[in-house]
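Okay, got some structures for you below.
Note that subunit A is present in both complexes that follow, paired respectively with subunit B and with subunit C.
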Partner chain A sequence: MIWQLDLIILTLIILCAFATISVQDLLSAAIIFGAYSFLMCLLWTEMGSVDVGFTEAAVGAGVGTVFCIAAVFQTTRKVKVDHQMNPSKFIGLLAASFIGIVLLIAQGDFPAWADPDSPASRYLSPHFITNTIAETSVPNIVTSVLADYRGFDTMFETAVIFAAGVAVFAILRRGRGKEENDQAVAAGTEDVNQDLIIQWICRQLVPFMQLFALYVVAHGHHSPGGGFQGGVILGASFILLQLTYDLKTVLQRMSERWNVLLGNLGVFIYAGIGLLCLVLGANFLDYSVLSKILPATSPIMARSHGMLGIEIGVAIAVMAIMIGIYTNLSSHGDHEQGL
Partner chain B sequence: MIYSEQLPILLMIFPLFAAFAISVTGVFHTRYCYPVAVCALIGSLYTSVGVLFEVLEKGVIHYRLGGWPPPFGIEYVIDYLNGLVLVVVSFVSLGAVIFSKESVKQELPDKIPQFYTLFVLLVTGLLGMTVTGDAFNLYVLLEISALATYALIAMGKGRAMFSSFIYVIMGTLGACFYLLGVGHLYIMTGSLNMGDLYTLMPDLYASHAILVAFLLILVGIWIKMAFFPLHGWLPNAYTYAPTATSCLIAPLMTKVSVYIMIRIMFSTFSPAFVFNTFAAANVIVWMAVAAIIGGSILALAQTDFKKMLTYLIVAEVGYMVGGIWLANRHGITGAILHIVNDALMTLCLFLVVGIIVYKTKGHQFNNMQGLYKKMPITMAAFTIGALSMIGVPPTAGFFSKWYLILGAIDSGQWSFMAALLFSSLVNAVLFFRVIEIGYFEPFADHHGHGHHDGAAIAIDEAPLSMLAPLVVVALSLIILGVYAGYIVTNVIQFAVPAGI
Partner chain C sequence: MNDFFLAVGIGLCLLITLTLYRVILGPTVIDRIMGVNIIGTKTTILLIVIGIIYRRVDMFVDIALAYALLNFITTIAASRYFQRHKNLSPLGFGFRYKKEAGK
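Showing the complex of A and B:
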């Protein structure tokens, strides 16, 4: 930890936060918010939590910003500003200051930053640090805690994303009549934003992005990364295609039906592996029992393989749902024309 | 043997896998969505009753997820308290899902698969929050149920979207507070397991950080349960939600939040900390008094039947929070009994609203004119639900109110007792007004003349899929009332923490 660097990053973060709230153009707000996320990701990395930084970069600074921009394009860039101080604003200010003071009071009792004697580094961490390899044979402790020790949380986090996908679909998706559909096909042939240079560059970029995403998923056991990050990058490659070409190019490669099925399949792989463990006679998500059906695998290695399985499930689910959310957001739910 | 060991997780597996099944089959056919959801929730009810009997027989059940011992892994802990709440949650959600068939077809014909997917995910979240023994796992499940609720509310018509947006903001704030609190606990102790926190924390009770953590968690849960004056989001969100949605969330969301508050107060923190170190019990009982009186008065001002009920929910939250913070056996017993009773009473009344909306397309008071003659069974069930809300013996509502009043007397909290009596009086005024409209005012045709084409639904008894759950729930209110003493001596008295 280099305090000069921290100071700069933290100052910039606070500036970004103020700018996001006060800027009058929502598109600028979305972009500044992306910058805010990127600075957060620098901060996480600088604090040594590389996995969190990676996730923040992929989710917060990456697709999060794209979603915000898509939402702004579909609604409005203008914001109604009310400069007058009304009672509800005053109460809000009071509540926020009160919470700030309370949090500062609590801060006084916290152990120092990165204190090796703090309860958080004394209590459970030593067990994970010394035993992860012996118990799960996965070198990246973050992965083993995420996908195995607390794998049940991660399963429901994937389910949260699944729920978000279904929720966006349920709220935004609009059905269309047959005639309307034919008209749309006839009218939608002309393309508005054909730009040769951008399209060519993105066409070269997409395969590398997808390859990198697969690497991130597969290498999550050994280095920062895993299903969430890899899935988001995979999804982002499709979103990039959709931005530079059009919605139809992407829908030709992955139809809505496939998208829904893949989203389900991903979460199902995760929960299904859990159920498989149960059927084989152990507790839910106890991967060690998978050694019964995996050839030449010890219970410890089975845990490692089980984690790889669920990471793949997470990646598939996250990819499909990111694409689904973006498609619905950018086309206003009718899947006819993107941005 | 293995089967009974795996019961705690099986009750989550049914609705979780049903979500995938509904979502996938929904791509091809919408007709399988409803039966799959019903079957899954029957499975949940069956297993949760099994779990409750296991607890009654053998005591507290621990289940290690992934086979890891706590505090390294996540565990499920089921004792007398959440065993009972699990049965309530699965029973109410089963009733709501059976009821939803015709209502969803009428209100959300294009979104049937999405509706049922989110519905079972919400039930998964509620069951998971109830069964878990891990403070962070609770947060993840809170997120699932919250996301599902936002979408289920926003699927309604008119102002539903906007009300849901307000709920998103408030709900996210509540969840943030909870997470911040849990973060504080982790920094101070290094653990996330509730039982583990219970043993680790007593040395730290003097610390400001622990106090702030408790305050943050408490306020977070209060926002989630719409405790007065943090209730602002609830009435509109529940009123404009689709009928089938409000039948599930109105009875359950606030009750599960009250359960979480009990769990955090007595199993993560301890009664000693909550009532001695934190020492704000009196203030909170006064807040509960404000909730009961405020909710009742706001309910009096409504002309919309469904909205009136949502304000009564706000008042009922005051009953339960106040009962717990009375800090004595009777008060807590009453509050826990009221979780059970209020879930069923609210379900009963919202099912009645659902039928009225289905038949008359509205939920104003004047939609109820003359309905006693047109649909006697529905209105008989409504009368039972109303009597229970007022607290007339032998319906269930009387007994929990009785315990709450005993608790108020034990602690000398006369204001709380007065608020309970005032609220009963207001409920009597409210429901007799509705009964009068339904019984004496002549039936008026709200569709006007000239709309009597084939599509119009005749105003008579609702279809069996709506009537059956309503009748079962109404009868269960009486049965619960009759067996209230049995439930208290065999289940709830073990759920009240020792030393109170």
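Showing the complex of A and C:
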């Protein structure tokens, strides 16, 4: 921890948070929230949790703000403000300040930052720190905890993202009626002029983004990163294509059918590897038993390979769902014209 | 040497503060978009500086690369928004809602 940087970044974060909730324009709020995300990523990396910082970097810069802008684009920028102070608001303010004061008093009892005697770092952490390499041969402890020691948890996190994607489909996706169809054909003729320079540069950049995403997925064992971050960067590359070209170009390359199929496939790969372990006679998601079917692999290396397998599954699912959410949000569910 | 990089980091943080002034109080949304873009650029460098202070640049360079690759997507999305909605600063947006609405 570098306290000088800590102090400045925390102050700026609080300023950003207040500005986000008090500004009367939803587009500005989304953009200030982008700055908040940058500062949050700085704070986390500065405290040494690089994996969390990486997730914030990928989600905050790649998709989070873009989702907000797409939602504002399809709805409205206006905030309905009620300047009268009615009793229910007053009670809410009172309750919020009371809970805030209680939390502030309670945080005095917390252990100091990185205290080796705190309960959290006495019980399980020493086991992970001393035994991870011997048990799984993965140098990045975070990856091994996330994908192996608590793989069950991560599987349901992936399922939650999948559920979010399905919910967006269920709420927003709609076909077009006949009248709307005629309108859309008429509207489709007016072409929004795209800038040649931006198009060309983004077209050159997208392959490198995807290559970097694959590196993040595959190298998650040794450096920060993994399935979630890689999947978000892959999804962001497709979102960039949608922004600089149009929705049709991307739907030609990644049709809705494929998109849904890939989202399912990713979760299926994760759960399938778990089930495979069960079939081979071990517990669910106990990868060491995979050494029976992987040639020339010790049980320890099998755990490492099993983690790579589920990271790939997570990346595919997250990528497909990010593309699906953006496509539906930006085109209001009819997949005709995006942002 | 560590002191030098710490000073660089604090300097970058102060520059972020100056940019954040424009982001929070900027009269139009365009000011805010530019400000966030600049904060993203400074974040990229600051991440590397923190990595040097911790002597683990290899851990931080990936995050900085991700920012370098993804930083401009938000800017492009916001610009596309204004390609469709031409009104840059409609009345009644900003912190001084009541005053502007009363004009």
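By definition in this document, the second predicted complex is superposed on the first by the 324 of 339 C-alpha atoms of A that agree within 3 Å, B and C clash if a C-alpha of one lies under 4 Å from a C-alpha of the other, contacts with A are read in each partner's own complex, and residues count from 1 in each chain.
What we mean here is this: a contact is a pair of C-beta atoms (placed from the backbone, for glycine too) under 8 Å apart; a residue touches a chain by one contact, two chains touch by 3 or more.
These numbers were taken from a predicted model, which means no experiment stands behind them.
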So, after the overlay on subunit A, do subunit B and subunit C clash or fit? They fit
First, second, both or neither for A:D286, with subunit B first and subunit C second: first
Per the contact definition in the header, classify A:L10: touching subunit B only (first), subunit C only (second), both, or neither.
neither
(Q) Just to be sure I read the superposition right, which of the two partners does A:I21 touch: subunit B = first, subunit C = second, or both, or neither? (A) neither
In degrees, rounded to a multiple of 10, the angle subunit B-subunit A-subunit C between CA centres equals 130
### Task
Applying the touch criterion given at the start, work out whether A:A71 contacts subunit B, subunit C, both or neither, answering first, second, both or neither.
neither
Request  = Based on the superposed arrangement, let me know which partner A:S121 touches: subunit B (first), subunit C (second), both, or neither?
outcome  = first
Across the superposed arrangement, the tightest C-alpha approach of subunit B to subunit C, in Å, is 25
Interface with subunit A, subunit B side, in the complex: residues 2, 6, 9, 13, 16-17, 19-20, 23-24, 27, 63-68, 71-74, 110-111, 114-115, 117-118, 121, 124, 128, 134, 136-137, 140-141, 143-144, 147-148, 150-152, 154-155, 161, 180, 184, 186-191, 207-213, 215-216
Residue positions on subunit C within touch of subunit A in the complex are 6, 9-10, 13-14, 16-17, 20, 23-24, 29, 32-33, 35-36, 39-40, 43, 46-47, 50, 53-54, 58-60, 62-63, 65-67, 69-71, 73-74, 76-78, 80-81, 83-85, 90, 92-95, 97-98
Given the complex, residues on subunit A that touch subunit B span 102-103, 105-111, 118-125, 127-128, 148-153, 156-157, 159-160, 162-164, 166-171, 173, 175, 257, 260-261, 263-264, 267-268, 271, 275, 278, 281-288
In the complex, subunit A touches subunit C at residues 2, 4-5, 8-9, 12, 15-16, 19, 22-25, 27-28, 31-32, 34-35, 38-39, 41-42, 45-46, 48, 50, 53-54, 57-58, 61-62, 65-66, 69-70, 72-73, 77-78, 81, 83, 192, 198, 202, 205, 208-209, 212, 216, 223-225, 229, 233, 236, 239-240, 243-244, 339
